[in-house]
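Two complexes come next, and they have one chain in common, chain A, joined by chain B in the first and chain C in the second.
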Partner chain A sequence: MKENKLRPWLLLSPSLTAVFLLLVVPVLFVVVYSFWLRAPTGAVIPAFQFGNYARFFEDLFYPTILFRTLRVAVICVFLCLVMGYVPAYFFYRSKSRYRRALILLIMIPFWISFIIRTMSWINILGTTGFLNHTLMRLGVISEPLSLLYNEAAVLMGLIQYLLPFMILNIFVSLEAIDKNLLEAARSMGCNEWQAFKEVTLPLSLPGVSAGCLLVFVLTAGTYLPPMILGGPGNEMIANLIFKRVIGTLDWPFGSAISVILLLLLGCIVWTYNRYLGINTLFKAFKG
Partner chain B sequence: MKKQLKDVHERHLAGDLSRRDFVKYCALAGVAAGLVGGPFSMMSKALAQGSIRFDGWGGTTSQAFRRHAFDPFTKATGVRVIDGEFGDMDTYLTRVIASFPPGGEFNLAHLSGVFDYARYVGLEFHSALDESKIPNLALVMESMITPYRKITPNALSAVPYNLGQTGIAYNTKYIPKEKAEELGASLLWDESVRGNLGSWGEWRTNIWYAALHTGQNPNDIQDIKAVWDALRAQVAMVKKYWGSGAELMSLLAGEEIHATVAWSGRVAHLQSEGYPIGFLAPKNCYSWQECIFVMKGTDLNVAQQLLDFMLAPEASIAVAEGQMYPPSLDPSKVDLPESIRKLPAFDPTGKLEGYLFADPIYWNSKQVEWAEQWDRIMATS
Partner chain C sequence: MKLKVSGWSLIRLYTILVYVFMFLPIAVVVVLSFNPQQFASFPMQGFSLKWYAQLAQNESILRAFKNSIVLGTLTALIASAIAVPAAMAFVRYRFKGKNTLNTLLLAPIMIPEVVLGVALLLFIRWLQQPKSFALLLAGHVVLTLPYVLLIVQARMVSIKRVYEEAALSLGANPLQTFKEVTLPLLMPAVLAGMLFSFTISFDDITATLFWATAEHQTVPVRIFGMLRHSVSPEINALGTVMIVFTIMIPLLAGYFIRRFSKS
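Showing the complex of A and B:
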């Protein structure tokens, strides 16, 4: 009996060890660092004080950037949802023999480095990039449009990165829907739209909520698209953490910002769980 | 071990290798590859007897080092030089601090700026070189050695290697040379470049040029508020703050930006490729020098031998031609070729009079406060 109780833990122990060493311990390090001090040379001084947290809130600068990050994350979630549902639904309904190949296409961007994918927008949207070049050759515009180094360009980079996560989550959820339910709805008088609204959409919500949460969390912690595609004023909180840690060797303050971001995202996930139910995510993954 | 491998091979040929064993050996091979290669390889190689680690800027610079200094050095001494690369100084310093023991995984590094030398000394990563074992150090400009001696009077922990300037690059298709020269540093605040202006995201360079624009000595800024006001005004004009030399070159070559602060060597590269880019070194232009720094714990005999090899005129000149920054060699002691003499920032006198370098003590003491204030201005545009 005792052996049976231990067995799951024994089986789980490699994973738990990995999670503990690669996730819990580093996070604990960050938490400990957040209470330390930075010496004038850039070295760290062990201490226990809340000065780094107080510094974050001493004026509106850091909270403003944090709010900007959350705002961009919400916009990104919305755009990914709108852009992601349609292809996911198409894959679900498609009877084409190329369906698998089409789904594979969604995965292809993951085979290319994220940096390369982000940088490629410069060749497309730049002053001498493909789009401006084509429009000028066609005589649509006489001067190149300024399409890069603004929030729209940052969002484009983020969507390119995160859209596959949204599509795949929704698709997995849609795939789990018994198509007989749609037939039943149609036989009871529903038209296509009503069947979608009354059956497909509600049953796909677990995938939608999983995708939204994933996209939101990943956006809030990303720093490459703002760095490469953003202009002045488009920085997000991860960019500031990078600057504090790397630029000024202020590891304690950088850690404090990281902990604040972690707590905030933790609160959002908790609230999400409270009102939408985190178990919907598991349903989505189980299919 | 060899016998075990042979047994496994025979079992495989006989079709007697179970799926479980196959997975087990794959996992073992993966672990072995992970330990021998990847991040562990540099460390283990550097720790191996008869090798030393050198971290530099990569690209053409590393190639020049490899061909003209490292390979001949290995041939002459049998000591291998393990190449490492970094993208910028701050990231590298973070890696050095994060190594275990701090700095212990690194030996030599191509550091930028005397302020970096001061930072490494402040963090106690420095060593004490025996100059008598680096005879070629006598060929180096005394004016480039002096700043390091001021920080470590007892012994150098580095040898100066090259110098450069952060001046202003401008596209001559849009900005005439006469106009650029007339405006000087204020070109970066001229309305004609609004929306087509670039800058480096680094705090020091921006504050330096704002000091010049407001008529102040960058090494003794009296009215910092005027500097912040100038930078606030400029941020609204800037299209992109670049983060690397490659990005700088891409922005200029693609005409995304028409003017920016820029590193002299990178501009020289663009000019050599035929791009219509001019380089302006206004009065009190930001000059800097790079050195080869030796970390604490390094085998000094090997390091000194390598430094002497790197400072030998043939190696030093070849590296300078590759990276397009003038070497630290004194033109009055070494006959430098025309290719070096025409590089931006080259000083034929070797005295560097009129070149303004960042005062390391002044700038390092301001780093935390000014870097953060600069981030605030840039981020809330």
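Showing the complex of A and C:
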């Protein structure tokens, strides 16, 4: 019996060791470093002071980037929701024999490299790209528009990356709805729209909220789309961290910004978990 | 009645438009990779394979491909080797702190890759170790572990316990039971998890940018470097190769798993 008690721990020990050594301890190091000092020579000095945090909020430069990150994340969540609910509903109700193929198709971008998907938008939005070329051929414009290196371009890349997460999360919770409930609503005199509003929509909200959280968290930590599709004014918090750590080798300040990002996301995930339960989040992956 | 039909066709149209949004950029990458022009741009000036030929002679890209494949394969093997026992523990045993630990093992999904990148690099620096292939491998294992765990765990839940109990009551020890009963039933999920892990490792860019060295560049890191100049048709050709490669793997694997389980 004693052996039986030890066995789960034995089975867990490799993965726990890996996550502990490669994730928990390193993240603790980030927290510790965020209090350290950086000498003018570039050396780091162990200390306990809040200078790095104070520097972040010293003037508006850094908070602006933080605020921009949050704004882009909220816009992205909203757009993914608007663009994602309808296709998820289509999958749920469709009786087409291509339904399964269509669901598989929307998962294909998961398999395609993020950097390829991001840079593909340059081919679409660039001055000699698909959109400008088409619009000029149609005679709508005579000079190519500059569509790249702005926030809209960043959002395009982000949405294309995140939309499948949203669609699948919503679809999973739609699929879980007992179809008898809909029949009941219809038989009691609801029309299609009322049945949707009163039954389907409320019951799909767990998927909607899981999708929103996932999209928000992934956007807030995003590095690539602002880097490739954005201009100098579209930097987000992850770009800032990369620049401070890899560019200027300012480890303490880079660590402090990382902690700020982690705290922010932590608060959001904690709140979500408190009211909705984090386990709903992983449902889509298990489907 | 008429109204309902048009409502549904609107939904269908909307879905088609979303698909166009999702796949048009990818299609354009493939199309432009055959454009013989110097700059990746419209209009198409004919059809040529010269960028593919140039790609096949590009030493640094070939090396990056080799790195990516070795890295992805090792990541998949290690991640599944440690995820399978963990899934066993979570599904088959009761113990204190199970939910907390399960969440902890899934945490890498929720932590931004930039932070993971900084954290591991900082730790390595503190240990006074140089960046190396081992760092990339360790990082990728942590990045992909949660996905493998989720896939294997989901399958483990659906494997009925009675099979294992039957083996045990017939005198097999737990290790034999695992080898003869559980593992074969679990194999499709393990393979799927390995594939997923390989693809995530193969495609990863953000954290990898922190960890990669000049000699251990992966394909995405190489593409990132090339993008600094401009989008040349060569990148589109490389992109097409990547797209075909990463889509072929799951399709082929699905095919083999199905054949495998039939015979």
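Quick notes
The rule is short, and it goes like this: the second predicted complex is superposed on the first by the 246 of 287 C-alpha atoms of A that agree within 3 Å, B and C clash if a C-alpha of one lies under 4 Å from a C-alpha of the other, contacts with A are read in each partner's own complex, and residues count from 1 in each chain.
Please note the rule applied: a contact is a pair of C-beta atoms (placed from the backbone, for glycine too) under 8 Å apart; a residue touches a chain by one contact, two chains touch by 3 or more.
Everything quoted here is computed from the prediction, not taken from an experiment.
Looking at the shared chain after the overlay, A:Gly139 reaches neither chain B nor chain C. Of the two partner chains placed by superposition, only chain B is touched by A:Ile65; chain C is not.
Touch criterion met: A:Ile246 reaches chain B and chain C at once.
If you count the residues of chain A touched by chain B and by chain C, you find the higher number for C. When the two structures are aligned on the shared chain, A:Pro26 is found in touch with chain C, with no touch to chain B.
After overlaying the two complexes on the shared chain, residue contacts for A:Ser255 are found with chain C alone; chain B is out of touch. Of the two partner chains placed around the shared chain by superposition, chain B is the only one that A:Pro232 touches, whereas chain C remains out of contact.
When the two complexes are overlaid on their common chain A, residue A:Ile124 makes contact with chain C while staying clear of chain B. In the superposition on chain A, A:Trp9 makes contact with chain C only, not with chain B.
Shared contact residues of chain A, touching chain B in one structure and chain C in the other: 122, 126, 128-129, 245-246. Put simply, chain B touches chain A in their complex at residues 90-91, 93-94, 97, 119, 122-123, 195, 202-203, 235-236, 238-241, 243, 250, 254-256, 365, 367-368, 371-372, 375-376, 378-381. Per the touch definition, chain A reaches chain B in the complex via residues 38, 40-43, 61, 64-65, 122, 126-129, 146, 148-149, 227, 231-233, 235, 239-240, 243-250. Those residues of chain C that touch chain A in the shared complex are 4, 7-8, 11-12, 14-15, 18-19, 21-22, 24-26, 28-29, 32, 39-43, 81-83, 85-86, 88-90, 92-93, 95, 101, 103-108, 110-123, 125-126, 138-139, 141-142, 145, 147, 149-151, 153-154, 174, 199, 202-206, 209-210, 219-220, 223-224, 227, 231, 235-236, 239, 242-243, 246-247, 249-250.
Of all residues in chain A, only 4-5, 7-12, 14-16, 18-19, 22-27, 29-30, 33, 83-84, 86-87, 89-90, 93, 102, 105-106, 108-109, 111-117, 119-124, 126, 128-130, 133, 159-160, 163-164, 192, 217, 220-224, 228, 238, 241-242, 245-246, 251, 254-255, 258, 261-262, 265, 269, 278, 282, 285-286 touch chain C in the complex they form.
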